[in-house]
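By written order: A, B, C, D, E, F and G. Residues from 1 in each chain.
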Amino acid sequence: METGVVILIGLFFSVAVYLMLSKQLVRMLLGIAILGNAVNLLIFTNGRLMREVPPLIPSDLYTPLVKIANPLPQALVLTAIVISFSFFAFLLVLAFRAYQELGADDVNQMRIAEPEHDQTPPQGY
Amino acid sequence: MSPFEMFASDFLDWAVTFSLGILSVSFFMIVYRIFKGPSLPDRVVALDMLVTVGIGFIAAIGVNTGYYLYIDIAITLGLVGFLATVAFARFVLNRGLAGDETIMEEVEESIARREAGQ
Amino acid sequence: MRTIIFRTIAPYLSALMVLFSVFVLLRGHNEPGGGFIGGLIAASALAIFGIACGVASVRRAIVFHPMSISAFGLFIGALAGIPSFFLGQAFMTSQWLTFYLGEVEVALSTPLVFDIGVYLVVVGSISSIALALEEREAD
Amino acid sequence: MIAVVEIITGVMLVAGALFAFVASLGLLRLKDVYMRMHAASKAGTLGSGVMLLALAVYALDLAVATRAIAGVVFFLLTAPIAAHLLAKAAYAAGYRPCADTKKDALEEVFRPKS
Amino acid sequence: MTSLFLINILLAITWAAITGSFSEINLLFGFVLGFGGLYLIREQAGTVAYFSRFGKAIGLALVFVRELILSAWRVARIVTRPKIDLEPGIIAYPLTVDRDFEITMLANLITLTPGTLSVDVSEDRKTLYVHCIDVPDPQATIDDIKNVFERKILEVFR
Amino acid sequence: MTPVVIDDTSLLAVLAPFAAAVVAPILTRWLKHNAAWVLAIVPALIFLHFAGFIEAVSQGQTFVAAKAWAPSYGVNFSVYIDGLSTLFALLISGIGTFIILYAGGYLKGHPQQGRFFSFLFLFMGAMLGLVLGNNLISLFIFWELTSVTSFLLIGFDHLRAASRRAALQALVVTGGGGLLLLAAFILIISATGEIEMSTLLASPNLIKDSGLYLPIFLLVLGGAFTKSAQFPFHFWLPNAMEAPTPVSAFLHSATMVKAGVYLLMRMHPMLGDTVLWTTILPLFGGVTLLVGTLLAIRQTDLKLMLAYTTVASLGLLVMLTGTSHEKALEGAVLYLLAHSLFKGALFMVAGTIDHEAGTRDVTKLGGLRSAMPVTFVAACLAGLSMAGLPPFIGFIAKEVLYYGTWGWPDYGILITVVAVVGNALMLVIAAAVAIKPFFGPKVETPKHAHEGPVLLFAGPIVLSLTGLGLALIAHTTGVLFVGPTLSSIVGQFTQVDVHLWPTKINMPLILSLITIGSGIFLFTQLDRLRGIMAGVLTAIGWGPDKGFDQFVAGIVHISSRVTRFIQGGSMHVYMVVTFVFVGLIVLVPGYLTSSWPAMPKLPDYRFYEWGILAIAVLGLIAVLVSKTRLTAIVSLGIQGFAVALIFMMFGAPDLSFTQFMVETLSVVILALVMTRLNLLPQDHRSTGSAIFTGLIAIAVGLGLSLTLLAITQQPFDSRLSDFFTEYSRAIAHGRNIVNVILVDFRGFDTLGEIAVVALAGLCVLALIRVKTRPDKLEDSTPKTHSAEAS
Amino acid sequence: MAGSSVSVDYSVAMATAPVAVADWLIVAPSLITILGGALCLMLRKNTDLQPKLGIGFLALLVLANFGLLIRVLDHGVITMVMGSWLPPFGIAFTVDALSATLSLIGSIIALCAGFYATVSVDSSGRRYGFYPFLLLLMTGVCGAFLTGDIFNLYVWFEVLLIASYGLLILGNDRIQLDGAVKYGVLNLIGTNLFLIATGLLYGILGTLNMADIAVKVAALENPASGTLATVAALYFLAFAMKAAAFPVNFWLPASYHTPNVVVSAVFAGLLTKVGVYALIRVFVMLLPSSRGYMADVIALVAIATLLTGALGALAQSEVRRILGYLVIAGIGSMLAGVAVGSTLALSGAIFYAVHSMIVMTALYMACGIMKLLGGSYNLRELGGLYQRSAVFAAVFLILGFAVSGLPPFSGFWPKIMLVDAAFSDGRSWLAAAILFSGFLTTLAMGRVWIYAFWRGGPEGTPDGQAVAVAGPKSASLNGAAVWLPLGVLTALIVYFGLQPEWMLQLSTRGASGVVEPLGYLRSVFGDQ
């Protein structure tokens, strides 16, 4: 059951990393968004996959009769989704502000914190 | 089980499979449009369409598995799909009015096509 | 976006969506849904409202600053874990209060309060983000 | 009874799917964004709506049915608005309709010949 | 205010319907929620007066569903043709209705009906710009809309 | 004899100076320079306290006192009192007394005199703790304290770059050496399991047998040579002359610089008398002796001349200690005693001359005899002792050390020659410093010279007279001081017989006569010698002193090069490096343990499920190939949409619910943000970097896939989920297990999660609302501007 | 039908024994900070009330943590299972000496920062959430220290990360935005690695509770199996990034000098130390065998980090950047402890962590005062501070020597413990690196001192002369707000230097607690 998804996850990670290795902040962010999905899928798959049966208890039972999908990874992923979404939103706006103030989208041109021609340390006493 | 009932259930199974099938095909056509564009509005329309088809897809799966609760997901998808389209519309508008070059290229292209009479 | 058509419909859409979001929130304990999804739906509703009728009207509509709503949600979310203290139980041990109005069973519980907290946090934060961004648009 | 329901459901599913398919086809084949919107906003909406109702029918459950209807109504409300917003935005942004478009009443509104 | 109350009832019923329990407590709760919902839009709620003509609206809805199916069918026919040659165009439709709500309804109906899609309303709300997928004769289309929809809308909302 | 445990008075004696350091400033603000009289009582009392041990110690008795300090690490604050430590304690406190007085006069009216007193006391305390320290760790702590305090003392005149340089030099050299010593001590502790000096001395062969002798020996040398200014580390000491004279006197006569010698003598029973020891120490000591004296010759500044002879004397002491030859060691002890007295006195004299005459340049001085009679007397007494003339202790020391060197079987002749040369030159300096400024015609000096106040001449006169006195009672000196000290150095009770006048004509006497003769001759040639030396040095042109500057400059330069390489400031590089390591980490362990998954079989997905996966893939590709970022955003929507469908396909409605919402909202926010960004459409990477980054990306993806596959092929322990399923409804009253986990079973996670959401909202608000100030880069002071209202 | 209507045996699912009131101390830090943070956030616009509230809650936090430590020292390791769900099912907070100590020190630092901020954070900073950020940062920090659940640990990591973002960008200066981009992206990658590792670990063991993990890993027939090895390596990289260890330390020097100095102070005190804590907890307690065969790698990383930090410090002319590198050097020392892994080494690392938390915070605060007195952070523009304020000079000198590990200050003891441990583990190079890095640090701080304090004025001041210092004595220097926190921290440094015994015992206890986690396991699972 997992195999196909596992391969897909690998692809997700590769694409995410490739995008994050772009010099363009926006593409990095796209990469981060995809990375989030990749990680979520990874956790989800770690709990093993089974088709379609959601972890819900029928209204007339106390415990489901059939085997259900593993609920814990779902809960973990839900938490992770929320978190990665929050971070994504923040980084997005951060990138936007950085672009506004630093006038650069190319991260290599963001050199205010660590200037290109850094002052050499003082000599003498 | 009467032959009619058997036919009915077989028919339903077939219908589900069939609809899922053509919906999948539609998916690919839509994705192609998103790839191809040529303009951002085209892509947005396609995305909107993707959502629409997705809703149908969910409904079909709901029938297939007998989990009616999927209907809520479908509805929600409709809600947020609308939001997305609105946002993109806004995006297109502002960019266009802001004279963003990436959009303007597309616009020029559309005008060119128009002149070319295609 | 200044268009009559949108501006006329949007409020009703938003109202419906908020309604739906509460529904999703309340039934979350038994069916798919819950505070987070509900919150997102409500936030989307406010976003649509904002895009259609302008941020100012949304801010007036929700009276409090979205971040304050979010903070309040966080606050009650944390409070929801405390009642068990008085019963000598661990933090966040759920407490259930079930009573009947007519034939309808109403179950009030700390998890529900907690979920409402989640809902408020999400509505608050997400709409705060959306509105702030939308405001930039407007200016 | 169940059988009938199943038949109806099946039919509705197929019909809805076909409409959705048609809409996608339109998206693919029609010439410019405005025409594609026609396809999406009409056939698409109808298709998904019908399939949603199919699920409702199949469920035989008032709650589900009402929700389905509410959903459909919502789609019917939103689809045209979405189309309108997008079309307006596209036009305002400067995307021209395709060459076949003979008459363009909006031309002088957005790009008055001065 | 009565109209507000009315729509609130409506929302309460919607709620009960959605939750699938028409018990009074649930209706009451739905009413409260509906009130909350309306509270959000109290400024825009001026328009709710029109809901007093709820009944006729149903009729309109039916017409419009029929038209929707027709238009979908038409799209189907168009896109399945081996060769598509159409004469699309954007026509200026002179509005008779002048209230926001009417204009909105009309615009939506037009969009969902055969071959037409509302693109924009002029600032002075006198003109509705409609994109038609195939307009050999614009005037015919305009009349068509006038006689079918605008009339219906007028009788529903006036 | 096993040490006698005594009460804590001695510990208090060590701590007393620190207390004095605290009160000194207050007292000084109150009594001005006369505070010195009061403050001097402290070292005087300490002197008396340790004088009390002389009797018993001379019987070969030893004492320890200890207080637990950090018992769980075996560290005590403890003192070990034997001949060696007693002698040093007496010198430190005794000379210290007069240094304090002298400082009272020398810095009279100086605004920071109080601070100066406390520095001196801190230093004194540190020295006492060092020489009395029994516990290796506490000994080391005091060792480093001496470096730290001397840093403050040398830099006292902090406005002058030279002082700052000298201070840093002292800190770097001696502090650095200290680290070596620390390593040595820790090695000793872990090698022998002993941490107390007394117990180590009780069984002195522990280290030699431990197999770690060599590293320990070298590390100890590192500590001792840097501290005692042995060549090539001698340079910091003359520079330390930047310090006010009382400091120089204190640092260079009794104490700091002798800490190294003390250490060598203290460790001699454990480390000494090996080939290594008897080769390296005499070698470095001898070289230092010669270098020191030769460099001293070329100086004209009194203090510098004294400083270089101090270097020389330290060389001599190390050389003698290096012989491990009893008689030579006896000479070392005597010379140590003599040197402390005459060098202390001479420094103070030099200081007084400087203070009264306004210059220290020997060529500009002369005929002060009449102007400063008392100082003159002190100078003469000390000078003669330094010159090694009878009847002074310096003379005795020289006799004994010649006796020792001459009698040393190994390289006796060699080091004797070195010693003679060194002493001869030292005589020259002695004459130059102590005699020349006072005799001859009166030379006009910047200040009109006259006798200094009693505070200034008390010290010199007392110390130099002591030098005379001890020589006159040579025998007693031998019994009370030399014998016990020698005993601790050689590690067993030893008695000596010291006498002032040689009983018969013997080799040492002859050597002395040679020394004196050649010394006097050289003195007459002093100016020519000076010229020659100057020529030689300018010819060499380089010295370790310059070397220090080059070292500091070099290390700073290297560091900035290295740092610029590592922390280049290019975000892209940071990312690449990071992911290279991620790639390695997901592939290498699997490779090393060769735990790759079994070849999987194709899953039995239905066609539409394949379709979903395919859409996901298409979405990803779309994002990758998208020409404009707008397309990229839309395509991002596709893959998110597909992920949601995948969640649904595997029975996770809540997830797909959330995923749909989140994806859409992400896209919405993206759209809202992008509206104002004008960005480069293309992702322009060179083919090379595209391939490189592509490889990294593939590595990461591949590694994670393989790992994940290997894991999912293993059986899974689902007891957590089983538990949740079991009790979700029965106890937690919820049929949606996922939601129950979120709000109940693992509600605390969710609490944290909503905290994140709330904070994210606030962050974004702060980002958008707070206006960036024009271009004010950094500022920690309150910002005057305020943000837009929200 | 309500759940109550069936009969279930609660005792198999839930902890039924009554929870002692004092055990609520375990969750008190989280509660206090969340409630406080939420409250401050609600009253965001009342910029006068905020500091009072914030400091109040932070003081409460210190008290709670203090009580917690006392409790732990009395009762040994203590556990609270959230929602009463029996471990390993519910989330357990398990507190041992290590957690309690770090949590206490961390909260003290936060309190000091809260005071300091009343001067250095303006109304805009307060309006845009300094105190909520600080409080919720502490939620994350304390949560990370106290939790006994690996996924929960991830959540707290994220909480403190997002809070740190907020603090970092407060003010939105251009340099801050630049720093924040690098800090943000790189740290996000780090936490994602953490999450990936945790997901994989769950896939292998099917559990999240730390004690349970420890048991299961110990039970594995081949604890060094490939997948687990990968997981361990991922954890190492993730925590190394968090701790800013070489070669993934980029984010720290790129960002620590950009925010408001009090923020830098808090970061320097808390963030990287959480990474080190996680490293100790996960590597030593959960995956001991992995630590075993990665020891050489860790040692290598430690050496590289020690040198990177020390050299970096020498290479800067901006004092805050010097300090940033010193933070890294300190991390190297702690990693050395992890590399060796003996009780002595780990207690050294723990002691060093405590020392580093205090001293780095103090140094950044001192840095802020430097700026107020001397008008700059740059060594070329600083000078004459010695005349300006002898007391401050003394304090700075103490801090400088402390961070260099010179006696008699708090840095000395952990250093000798680490060197000792390294030698006895046969890792002379590691020991040498620790000592050498200390030497370079001494040189660096010595330079700072002679330039900023002893030199008469800015670069180019004539030799032997003093010139009036640039910055006019700022009004914000009057009053205790800046001096009190610095004083308290310096006092701690001197105290731990002169009276190390308490810390020694504490850190030893903490170390043996992770090396021999029996008490930990007992406290979670009861005596089985």
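What we mean here is this: contacts are C-beta pairs under 8 Å (C-beta built on N, C-alpha and C of every residue); 3 or more make two chains touch, one makes a residue touch a chain.
Just so it is clear, the model here is predicted, and its values are computed rather than measured.
Chain centre most remote from that of chain F: E (centre = mean of CA atoms). The chain pair with more C-beta contacts between its two chains, of A-G and C-D, is A-G. Spacing of chain C relative to chain E, judged by their CA centroids, is 29 angstrom. Per-chain CA centroids place chain E at a distance of 85 Å from chain F. Between the Cα centres of chain C and chain F there is a gap of 61 Å.
If you average the CA atoms of chain B and of chain D, the two centres end up 9 Å from each other. Residue numbers of chain G whose C-beta contacts span two or more other chains: 2-4, 6, 14, 34, 37-38, 41, 45, 82-83, 132, 151, 155, 158, 162, 165, 169, 172, 174-175, 177, 181-182, 185, 189, 196, 200, 203, 253-254, 257-258, 314-316, 447, 450.
Residues of chain D in contact with two or more other chains: 18, 23, 25, 31-32, 37, 45, 47, 61, 64, 67, 70, 74, 77-78, 81, 84-85, 88-89, 97-98, 101. With touch defined as above, residues shared between interfaces to two or more other chains in chain C number as follows: 1, 3, 5-6, 9, 12-13, 16, 20, 30-33, 36-37, 40-41, 44, 47, 65, 67, 70-71, 74, 78, 81, 91-92, 94, 96, 107, 122, 125, 129, 133, 137.
All chain pairs that count as touching, in label order, are A-B, A-C, A-F, A-G, B-C, B-D, B-F, C-D, C-E, C-F, C-G, D-E, F-G. Chain contact summary for the complex, chain C toward chain F: residues 28-37, 40-41, 43-44, 47, 65-67, 70-71, 73-74, 77-78, 81, 91-92, 94, 96, 107, 109, 111, 114-115, 117-118, 121-122, 124-126, 128-130, 132-137.
Per the touch definition, chain A reaches chain B in the complex via residues 52, 54, 56. Considering their complex, residues 68-73, 115, 137, 140-141, 144-145, 148, 151, 155, 158-161, 163-164, 167-168, 171-172, 175-176, 179-180, 182-183, 186-187, 189-190, 552, 555-556, 558-560, 562-564, 566-567, 569, 571, 574-575, 577-578, 581-582, 585-586, 588-590, 592-596, 703-704, 707-708, 710-712, 714, 716-720, 723-724, 726-727, 729-733, 744-749, 751-753, 755-756, 758-760, 762-763, 765-767, 769-773, 775-787, 790 of chain F touch chain G.
On chain G, the positions that touch chain A within their shared complex are 3, 6, 151, 155, 158, 161-162, 165, 169, 172, 174-175, 177-182, 184-185, 188-189, 192, 195-196, 198-200, 202-203, 253-255, 257-258, 314-318, 378-380, 447, 450-451, 459.
Those residues of chain G lying in contact with chain C across their complex are 2, 4, 14-15, 18-19, 21, 24, 27, 31, 34-35, 37-39, 41-42, 44-45, 80-84, 132.
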